[in-house]
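Here is the structure we will look at.
As written, the chains take the letters A, B, C and D, and residue 1 is the first residue of each chain.
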């Protein structure tokens, strides 16, 4: 059991492949973002709900380990969970699979800042609560 | 003579290639933008000078004809000129070469709008004047 | 009536937005490609069916007219049709809508070439037939 | 002293910004690749020298820590070094600065594989030697 309860599918676009004939490694960062946005839609009222309150969520760290190549047109399942809420910080973990086989895994770290001043602000209670609710789901 | 006096070089990035082993066609749109920005730097005080006055330049049309494939690591020369200023509209033409050989050509059309209201505003006189000056250069 | 019978939806990714706060114009070229691939899946056995026969379909022209800005998270419907088969050439037309409202339209032209020699080869009969069948659908 | 002797400059493209008004975090992965390719040009005969010998260098890990936002048109200096050669594996470290100020740092891990069979092959002696020579430079 891999400990993820939420996933989003993406299909590898031709524009995301490179001259090695496989998906370019930077595309995985975009797919994790797509999955993060889908998670926020499902559990926290969407990314725009965060932005509407004058908060931006910056990405402070990106870690990806590539286990197998992904090819054009592959359907990948991006398992996603949010956690590690502490002060102005939180984290998303990812497990990218193709037909149950591990393709890549990793995480991103994020910081909530005031959209205008860019100063750190605590992760809002409703977002922290959404993380807890998603864990329980 | 191809009628261009200003150019910018770009080198094809590996991330810009695709599984056909050549540069992806959408990358050319980005290179034209890079050349446009360089033209604005050279002749009009930079793109930020436009934005600083509360104006955005939207892209309203993109036309590209691909004559030859570009490969990873190729150095491409993007010839660029601006013209066709009329009301809230102007246009950039491009000729992309590799070692003097035509790789692609095309143009983009643009509209100047108020950055807040998004209503069309006349191309500022100083930008129209920069276009004339660049033509004379 | 706009004369399109097939469409694919895409959702604007955050990575596809730019500092103007809207979808970057080059992203539309990628969405047209996504729609083209979906059309080939629906009517012609998929893009890999073409490549499996030793043929590459190169993009020789890209024309896009941007009518309205697209924002992060917008769902866009990319209407697509294929036609204009003649010799080694064919063409796709696109109409990109959001809730029935026109956002952008345009077309791409393509040439079929031998995957190894890169010489033009006639559009295969089965692909020309797929285009006719899709028109009738 | 940060222990890097080789760097490459990149300028943030408008297409690389996002609706937060800053460079999108996935763009940094592309800039590291640009720097890696420049390093290979400077010290190992270029990436094509590797590919010409029937070897592909796959990216197996990507780690980036974002310290400060990068804005449109910023010139970033990507300090790069290669090391950690062991069997079929090697690693690049990066330090991305703007005017001497740290913007991001991280590393990528790579594996050399046979271009056809995709089986791991030892890092070629001449590449391992290039790494040693660059360290001494």
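For the reader, a short list of remarks on this structure follows.
As a convention for this text, contacts are C-beta pairs under 8 Å (C-beta built on N, C-alpha and C of every residue); 3 or more make two chains touch, one makes a residue touch a chain.
Please read all numbers here as calculations on a predicted model, not as lab measurements.
A count of contacting C-beta pairs for A-C and for A-D identifies A-D as the more extensively joined pair.
Of all chains, the one whose CA centroid is most distant from that of chain A is B. Taking the mean of the C-alpha atoms as each chain's centre, chain A and chain D sit 24 Å apart. One inter-chain figure worth recording: chain A and chain B are separated by 34 Å, centre to centre, where each centre is the mean of the chain's CA atoms. One inter-chain figure worth recording: chain A and chain C are separated by 28 Å, centre to centre, where each centre is the mean of the chain's CA atoms. For chain B, the set of residues that touch two or more other chains comprises 14-15, 26, 29-30, 33, 72.
A complete topology is adopted by the chain contact network, contact being made between every pair of chains. Residues of chain D touching chain B in their complex: 13-15, 29-30, 33-34, 37, 46-48, 72-73.
Those residues of chain B that touch chain C in the complex are listed here as 20, 25-26, 28-30, 33, 56, 58-66, 69, 106, 118. The touching residues of chain B, counted against chain A in their complex, run 14-15, 17-19, 21-22, 24, 26, 72.
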